[in-house]
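In what comes next, subunit A is part of two complexes: it sits with subunit B in the first one and with subunit C in the second one.
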Partner chain A sequence: MKRSVLSRAAETIILLVVCFVALFPIVWMFLTAFKNPRDAYDISLNFQPTLQNFVTIFSNPWNLGHALLNSTIVAGATVLLSIPAAALAAYSFSRFRMKARKSLFFAVISTQFVPAVVIVLPFFLMFRSLGLLDTRIALVVVNVAIVTPFVIWMIKGFIDAIPLDSEEAAMMDGASRLRVIRDIVLPMAAPGIITSAIFSFILTWNEFLFALILTRRHATTLPVALTNFRTERGDLWELMSAAGVLITVPIFLLALVIQKHFTRGMTAGAVK
Partner chain B sequence: MRDRSLQYYLLVPAFMIVVATTIYPLAYSFITAFRDWDLSKQRRPQGFVGADNFTQALSDANFLSTAWVTAIFVVVSVALTVVLAMGLALLLRRRGPLHDFTRIILILPFAMSPALIGVSYRFMFNPEYGVIAKGLGQVFPPLAGIPWLADPHLALGVLIATDVWHWTPYMTFMCLGGLASVPRATEEAARMDGASSLRILWDVILPQMTGVLVVVAVLKTIFALKMFDQVVTLTGGGPGVATETLAFYVYKVGFKWFDMGYASALAWVLTAILMAVSAGYVRMLLKERKMATA
Partner chain C sequence: MADIRLVDIVKKYGDFLAVPRQNLTIEDGEFLVLLGPSGCGKTTTMRMIAGLEDITEGQIFVGDTCVNDLPPKDRDIAMVFQNYGLYPHMTVGDNIAYPLKLRGMSRAERREQARITAEKVELGPYLNRRPAELSGGQRQRVALARAIIRRPKLFLMDEPLSNLDAKLRVTMRAELKHLHHELGITTVYVTHDQTEAMTLASRIAILNHGRIVQLDTPERIYSEPADIFVAGFIGNPAMNLIAGEIRGGVFEAPAVRIPGLDAGPSGPVVLGVRPEHLRIAETGPIAGPIFANELLGDSTLVTLRQRGTHICARGPADFRRELDQPVSFAPTPDARLHLFDAENGNRIATQSF
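This part shows the complex of A and B:
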């Protein structure tokens, strides 16, 4: 099929504009992160790059290293707790035709639509009386709540796509269901499970509301630590940008790793 | 057959998590919504006050204003996101180096932390040294020196822009998934008959995309109703209360004013709206599945 040069040119221009709009805020943040404070207040691109901001955010009084550690532990623990439980449930939802299946599945899914701000109120009160406010444990618990239903949904999409044949053959040969799950389904679903794990890591890493309400100092994660750079002296943009780079780079790398599966998994889960 | 019980055992860990971390807090805040409890004065919840907390909302000018702000935010951001995502998906359906590059680039806004998006937009829209505010002023002199985030309407506009920037990529991928399942044959046939591209889009592609587009719109509505992060980091709800969303107001009542009873009631109003929207969504999914199997 031939297309006119004009429509091809228009398409190229639109896509270039889209890339520009998508990238510009990110590129600007990266540039600002390497500016000294004086240059940060100037939109000129002609500046002497410096690494000083990255040194500053890791030293007193900002100590972002601690928030980085918190973010990593909280996101990691959330993934480790939610993925195994979600994978088992997803398998059950995908393979068994139980009577209550449909309503159970939708009960799980609809909890995903409950706003976080509703869940956080009781948790705040509960953690307060247990003395768990401002701890990583508290953050892991609430994040698992949000992530698990979502991951069940995603992994189920991936398991649905695995053909039943090899599973049935193995069962014919007398393998137990649990063996089939361990030796056949899990290896085949591994790309999907890894994708879901990375996805929930990203969700937890970026999570802001819980961390804002449930932490003060000790368990603050990176997104909340960002707000510390709003000081009485005004906003310290060059430091905020450096912290932004710190938050963004690991997530961008993870997102690019799962890029292909990611788009497929998302659409499969949501549309099917 | 042992599978009979196994199918339920497999669900146990996930259900324990869901019950403990969602159902229980939901029930707790539902009960609190009918009680009097000012956390700054009282350690424990006080007596039941019937529906007082809910009727208070109806005469609370702050609440009504946040409901209005949320409604505008949802309508505009959903409409913009759906139209942009569908348009982009139509462009990205073709293959090519630039197309593939754009697909990869689009992951980035979606992966970025919403709190950070709010921060970076606040920086870029600062009238004195923000790159967008200043850049616009240099290209279009009448726009110079506009205090973007100090004007109620413009601040809401910037808030919507952050949300559309964040979500359009994801919704584009969903539309692309939908487009992939639209058979090319009818389209080719129409093109052979000499139908214009616009006609084909309107008469052939869009009718087959309605299911996916509704799903996209409903999901986006759910996400938009929960809008919170950028409100905190971009505008702080201001100027005044011009950009306070419902979720932000619940946070303010609960964690700035410590009125737990009222905050729980407001949280449940938001939950009820979301449940109504998601119930419609779930019913649609079921209907689609039936159509797919029929």
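This part shows the complex of A and C:
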């Protein structure tokens, strides 16, 4: 069907506007990260780029290296703990006929319905009585709790798409259930599991609210550390942008890797 | 090597009775075909033997061992699935050798065995490919090779040829038969294709609604069907089943009057006669206008229709006559006529004419 020039022009304009709205803050951040403080409020593209901001954020008093380490450890540990557990849970939900499977699955998913703000206070009280405030352990525990249900749901979709025949064939060939999972299911679900792992890494890496409430100095993560650039001397935009770039770039690279798998993952179940 | 015994096997899914109380002994070394329309419980029966499906009641013995509570991996049974059930992330060689890997065989030995087995099913050049790069027939061979690489006590095949095209199916059928002859391993084969059943089986079990209606050699199932269901199911073209009445040795139905039958039974019956047991005659006990002529190459199928009853005969290949012209059929000298009880469908008598 041929569409009129008008409707195509309208479509292009709308797309451009959406792109602009979405991309402008990011472009602005990338530019500002390389600007001198005095150029920060200047929208002009004509400036002397500098790496000084990146040096500054890693030195006293900002010491962003510590927050970077915290973020990496918390996100990494969250992935390492949640993915294996979620993969096994997803397999069970996908394959085993058990009583109340649907309600159980719904119960797991329903934890995602609760707004984080509602449960952050109970978490705070809980960790305070456990003496775990301002520790990475607390952040890992919280993030695993947040991420796992979501990842179970995601991986289950991938496992559902694996034909049962291959599994049964492996059992007939002499494999136990665990062996089947190891040799057949996990390799076949690998794209989905990798996607889910990266996804949960991103979620944890960007998580702000819990990190803000549950940490003070030792366990602060990058998103929380960003707030330090709002000082009594005003907002240090060039430093905040440099830190923003630091947070964004790893995620950006991961997204590039994930993209291929992600589209494949979404269409995997479509054709049986 | 062992015989398989199913004793009073029952399978229920909730309230649905899939397999009602079944008894079946599969002799050592035989090729038993479970044949029936879809939903007749044949696959369920096979999956219970495999251990992929729980048994609601009854016992299954492999040799003298009751395998009810053994998981599939401990039953020493190999199975070929309808959709092959290959491992897409492994090469053909690794697919075939996977059962040996599970038994802890060394890598070198596994490779050698896989190579030998692959040769047997003509997959030699494809060992390093992935299943996705193979054709349907080749995938089927991978599944087969994976089953025969270890010598299991029993082979189970669940409609293994149904995903292949017609020509390949015929070739693979012959190969399966040859393979069974060569290996001599007891085989249970599920199909709804009566040609596969007739050609492969040493015995056929015909199932309907979960029950074994007849268990016998292909010859006897063909020549002495136990009831109307078997009679109509086996044979291509299908047996003519003519509802009518018998009295004093004379069978009468619209367009049909066959005298000289056994004088014993009387009342409403169904007469069964195969098209190849009817010939085209100048005058005969069956007469009516021609409904259809179908040239098969070596013969022509001629169908007449009289008051809603279709009757089919195998005529010579050069038979030509316009539709709606009258035609008569007479039994051939070696014809076998079957009488079935009109109510319960059981065979009352078979007689040569």
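As a convention for this text, the second predicted complex is superposed on the first by the 241 of 272 C-alpha atoms of A that agree within 3 Å, B and C clash if a C-alpha of one lies under 4 Å from a C-alpha of the other, contacts with A are read in each partner's own complex, and residues count from 1 in each chain.
Operating definition for what follows: contacts are C-beta pairs under 8 Å (C-beta built on N, C-alpha and C of every residue); 3 or more make two chains touch, one makes a residue touch a chain.
Just so you know, these numbers come straight off a predicted model, no measurement behind them.
Superposition of the two complexes onto subunit A shows subunit B and subunit C fitting side by side, with no clash.
Note on subunit A: of its two partners subunit C and subunit B, the one contacting more of its residues is B.
Look at A:179: by the touch rule set out above, it reaches subunit C but stays clear of subunit B. Touch criterion met: A:170 reaches subunit C, while subunit B stays clear of it.
By the document's definition of touching, of the two partners only subunit C reaches A:188; subunit B does not. Looking at the shared chain after the overlay, A:104 reaches subunit B, while subunit C stays out of its contact range. Following the chain A superposition, subunit B and subunit C show a smallest Cα-Cα distance of 6 angstrom. Subunit A residues 176 lie at the interface with subunit B in one structure and with subunit C in the other.
The touching residues of subunit A, when paired with subunit B in their complex, are 1, 11-12, 14-16, 18-19, 21-23, 25-26, 28-29, 32, 40-43, 81-82, 84-86, 88-89, 91-93, 95-96, 98, 102, 104, 106, 108-111, 113-119, 121-126, 141-142, 144-145, 148-149, 152, 176-178, 202, 205-206, 208-209, 212-213, 222-224, 226-227, 235, 237, 240-241, 244, 247-248, 251-252, 254-256, 259, 262-264, 266-268, 270-272.
For subunit A in complex with subunit C, the residues that touch the partner chain are 163, 165-176, 179, 183-184, 187-188, 190.
Within the complex, the subunit C residues that touch subunit A are 50-52, 71-73, 77-79, 81-89, 98-99, 102-103, 143, 146, 156. Subunit B meets subunit A in the complex at residues 2-3, 6-8, 10-11, 13-18, 21-26, 28-29, 32, 39, 88, 91-92, 94, 98-99, 101-117, 119-124, 128-131, 134-135, 165, 169-170, 173-174, 176-178, 191, 211-212, 215, 219, 222, 225-226, 228-229, 232-233, 247, 250-251, 254-255, 260, 263-264, 267-268, 270-271, 274-275, 277-279, 281-282, 286, 289.
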